[in-house]
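Below, subunit A partners subunit B and then partners subunit C, in two separate complexes.
Let's turn to the complex of A and B:
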């Protein structure tokens, strides 16, 4: 046991081997370094090379990024991932808040409902995707119901746009419970008096929601907006499962991360080009976060 | 469904005589009825699909699963589809693979993040800030953006197409390290100081004093590590290529892609994949909810 050289004037604990802090931190640092930070740096480096899975690459400058600009698949992927953010985020900011208001009051059985609404969060996205593939099937339950009420059958999984919208609906369905819990925690901090004062002033439920609840949980809404927009832009599994590995009719439903996966893996994978695609994913992800946080600051001033 | 105000004095069922909200105020009858109606509607929407899947998996080969109007309950419930799915793909081997990866992920995440979190929160050394920064940066890296490089790294290590390869990248999550760090920081320092004065070394202080005080956070880490590994799809899809080594999620995708026409089989497979987690959730709900709160603050 190494003893401290100087008498400890502070209350800090000093009795430790000089190496032991590193020993404690080593497993974590090693894993994070080798499997997160090193791949991050190597993605940046590879994006300037023509590396393939089995071939070491050479430096090619900005060739990959120039190729991106002329790659139709890239634009389709970027379009779909962007649409995904626009479609999913408003729903995931608003609906879980309404749901949280619904399960907020401690009425009998409410803990059961809260837990039940959370179930889709616990399930694997693969399970959720396959459940909805079956529900939205040409001959599935949703179409059976639609036919029974006289609407007729809808090709949810065969039309390019309906497919994307269905996938978005599944993402929202799976995310509802998660964000509901976040909102519940935030709502617990809204002072009851505010609601009462508004009620005394004759404000209706909708008015109270807009002028009391929303301002009180606004910072949480921004948080949910940031979390869900980043997640939505990186969407992979829902679309992969519902539209298939090739991304639906003529690949028109391919998302950016699906394109990364398709381009960069396997024995013939174009690692360099997929890395350039990944760099776009980074840049947009960071931009989205900054955008949402900045909107928050502007609102506040 | 609701308890109208006027019947209250009567010896009504076993219900509490007044239903109050979280502030002790009474909730009106019609409002309560409307609430329960909405709750049941959302319940049907969130849990209904799982029940439909379960029902489909129990329907026999002669029963029409496409009927309109749909038959919600199987006419002759049978476990036959579960036998058939195991004959079609080695679904129990897949489940075992998933269980191995998920259990190992729990052990490595609990041990790795508790150790590193303790080092960040309690131990003094040069480079502590740098070490903290490493974990913060790692947490911010979007995994989807580095999977290709993770794949090539795994190939260089010769670990692609192995369960170890599935496990390694997430086996000590940066966010878990930071969660544990915060948990240790929130402990009062005096006890550890007292232990130090009594001559306890760093391992004794860690194992006997600090660690038992953060059991709650450790449970959260364990649960999310298990769920994360059990549910993960993209990474195992990339790193595993040999069908005999598939995990359950990849196996289901394979089953769906290859035998897409038999909805009863796919339904049985999904039930096998989701049942353990729903059971886990039912038993340990509060840790699941706590994890959402802590994860969101960090994320």
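Let's turn to the complex of A and C:
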């Protein structure tokens, strides 16, 4: 660690050229420009055209956005993506924290559990999705158990709402480990003394959790909330795998990103309209981020 | 996980945006429609999910062609079944479409409209008489003149049924349904006898089902859809009855052909449409089912069974028009199609081939029985899928059908909405 009294470095550094910082940043900027900025801008431009996959489009002004307002599928998609955020984010903010508390202590064999909880994160979403589809099938393991205990079969994969809830459960299950790691890092920074002082004052485990742990990891909770809400709003794979390419019965489980994929791809894809949808997804995502961060600031004041 | 999802999202965005970068490049190196030149040059030939099973066959075809035309070189590539349309659209938009491409009529329509498919009535009209008239016409596009692909193999298949399940419900397993009325009555009975545990059908009706039921799918001019007529409403009403009685599988609303095929294999569903190809599959994967497999004809109200048509189109921007046309014809000529048909349960689209003893004489095996029956029915089969029926239209129809089955809309309202949505999509196709 350098202290204020440390002697100045003795080796002379050559004066840098004014362009040097840019040269260092060039590879990164180039990648950002080509793979993020350019696609983003051209999506924006396309959203004002009636471009199709194989046919160049004309400028149509706000026609795509006006059409959105009257498109039932758009509202279904918006509803499902929003429900996804509401269903998944609270669980992903709270459950990984509890999990992190559980595996924080260094007791023999704990590494096994830490790795076990992290495994779903590493697993391929397609593989995981298929496994859950088999488990939840009308004749799958879960229904066999339910039938054996006398509950009867449940149409996890044929009911519109159960499908969405099942997909949410998979998202939560798969995300637990990832956010657990983030919380573990945050928990390591909670001073032991605070816990000890609270214990001396007679605080029980629950009280210590609420008064010491939660305030200490609050900013991490906000981070997890922001990350998971953005991810949840853009959900595609889980719902696509479990509800099928058609998005569940009558397409009622379609999310916004699935709708983008369905309208915009293929030989007859409506690239312009799908771009307009993407722009809406972008705007909502940014709004969601701002909302979460703002809530954080308000709490602080 | 978030990284992965971001990657997926990025891929989706990239897929949306990629066409833009490439749109200008396609127009430059235009090929000619004149196929009369010398057959020479390097060309690429793309098939649709055929490498896994027929590698030696295609390598043989390519070798024979290169031997016949020593100045050519054919590079054969194959794409998996899933996402084939996406692969072609990415290639078409990016200007990297192969010279000779395996397509189906609904795939060729948008390519022809974008000017990417060679009009064979102009470039290869002399070959026309080698093919069945109906097959040649299947790659014509309503609203355009010209034919945009050589017809390749045809496929149709019988209806398979599980005799054990039929017997258990007290039905005569040797007298399967032959009319729609029979089918619906027996399906309802099967569901009743098994307490709703065994469904007879596993898929919601598709546009082909409406066609087979005798519904007029499009108006005569090909400018709008018409499957919301009385006949269409009747079919959907019947299906609703089946769905309510669980004679149509409860998961049918989200089923894919693969998932319903699996249900048939496991005995959850009593009937499944298929092809002669499936027999081998049953034998391997479900020997118990294979022993009790029943085979019957597709049910139609029109007397014309449904057939699927494969085609081979030539990229209009190819640099070697003569070689590409020659190769597309070579792959689809009578000799090549006949030898391909002997490798796998498909049927040639070339004139006279179906009269070959291979397609007319029984030898006592199930495979031959299915083959001979299919070949016979193909002579007046119809490709019910409207050429202009896009993926987006399929999903619009499917969603409305699902609403009707769930009772959220009347069958009439659902079909009216589907027709309206498909008409709008048709207009947007331009």
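Simple rule for what comes next: the second predicted complex is superposed on the first by the 269 of 301 C-alpha atoms of A that agree within 3 Å, B and C clash if a C-alpha of one lies under 4 Å from a C-alpha of the other, contacts with A are read in each partner's own complex, and residues count from 1 in each chain.
Here is the rule we use: contacts are C-beta pairs under 8 Å (C-beta built on N, C-alpha and C of every residue); 3 or more make two chains touch, one makes a residue touch a chain.
Quick caveat: nothing in here was measured; it's all calculated off a predicted structure.
Novice: Is this a clash or a fit when subunit B and subunit C both end up on subunit A?
Specialist: Taken together on subunit A, subunit C would clash with subunit B, as the superposition shows.
Novice: Could you look at A:246 and tell me whether it touches subunit B, subunit C, both or neither (first, second, both, neither)?
Specialist: second
Novice: Looking at the overlay, what does A:182 touch: subunit B (first), subunit C (second), both, or neither?
Specialist: The first partner, subunit B, only.
Novice: For A:125, using the defined touch cut-off, is the partner it touches subunit B, subunit C, both, or neither? Pick first, second, both or neither.
Specialist: both
Novice: By the touch definition at the top of the document, which applies to A:94: first (subunit B), second (subunit C), both, or neither?
Specialist: Touch partners of A:94: none, neither subunit B nor subunit C.
Novice: Comparing subunit B against subunit C, which has contacts with more of the residues in subunit A?
Specialist: The larger set of subunit A residues in touch belongs to B.
Novice: Contacts for A:56 in the overlay, against subunit B (first) and subunit C (second): which applies, first, second, both or neither?
Specialist: Second partner only.
Novice: Given the touch rule stated above, what does A:257 touch, subunit B (first), subunit C (second), both, or neither?
Specialist: both
Novice: Just checking: does A:43 make contact with subunit B only, subunit C only, both, or neither of them? Give me first, second, both or neither.
Specialist: So A:43 meets both subunit B and subunit C here.
Novice: After the superposition on A, what does A:144 contact: first (subunit B), second (subunit C), both or neither?
Specialist: A:144 contacts subunit B only, not subunit C.
Novice: Return first, second, both or neither, reflecting whether A:158 touches subunit B, subunit C, both chains, or no partner chain.
Specialist: second
Novice: Report which listed segment of subunit B has C-alpha atoms clashing with subunit C; options: 58-66, 76-84 or 256-264.
Specialist: With the two structures superposed, the offending stretch of subunit B is 256-264.
Novice: For subunit A, what residues appear in both contact lists, the one with subunit B and the one with subunit C?
Specialist: In subunit A, positions 35, 38-40, 42-43, 46, 51, 53, 125, 137, 139, 178, 227, 234, 236-237, 244-245, 257, 260-261, 264-265, 269, 271, 274-275, 278 sit in both the subunit B and subunit C interfaces.
Novice: Within their complex, state which residues of subunit C touch subunit A.
Specialist: 1-2, 4-6, 8-10, 12-17, 19-21, 23, 85-86, 88-89, 92-93, 107, 110-111, 113-114, 116, 250-251, 253-256, 259, 266, 268, 390-392, 395, 398-400, 402-403, 406, 408, 425, 428-430
Novice: What part of subunit A is in contact with subunit C in the complex they form?
Specialist: Residues of subunit A touching subunit C: 35, 38-40, 42-43, 45-46, 50-56, 121, 125, 137-139, 155, 157-158, 163, 174-175, 178, 227-228, 231, 234-237, 243-246, 248-251, 257, 260-271, 274-275, 278.
Novice: Which positions of subunit B touch subunit A when the two form their complex?
Specialist: 15-16, 19-23, 27, 32, 35-36, 38-39, 42-43, 45-47, 49-50, 52-53, 56, 66-70, 108, 111-113, 115-116, 118-120, 122-125, 128, 131, 134-135, 137-138, 141-142, 144-153, 155, 168-172, 174, 177, 189, 192-193, 196, 201-203, 205-206, 227, 230-234, 237-238, 248-249, 252-253, 256-257, 263, 266-267, 269-270, 273-274, 277-278, 280-282, 285, 288-289, 292-293, 296, 299
Novice: Which positions of subunit A touch subunit B when the two form their complex?
Specialist: Those residues of subunit A that touch subunit B are 1, 11-18, 20-22, 24-25, 27-29, 31-40, 42-43, 46, 51, 53, 99, 102-108, 110, 113, 115-120, 122-127, 130-135, 137, 139-141, 144-145, 147-148, 173, 176-178, 181-182, 185, 192, 223, 227, 230, 234, 236-237, 241, 244-245, 257, 260-261, 264-265, 269, 271, 274-275, 278-279, 281-282, 285.
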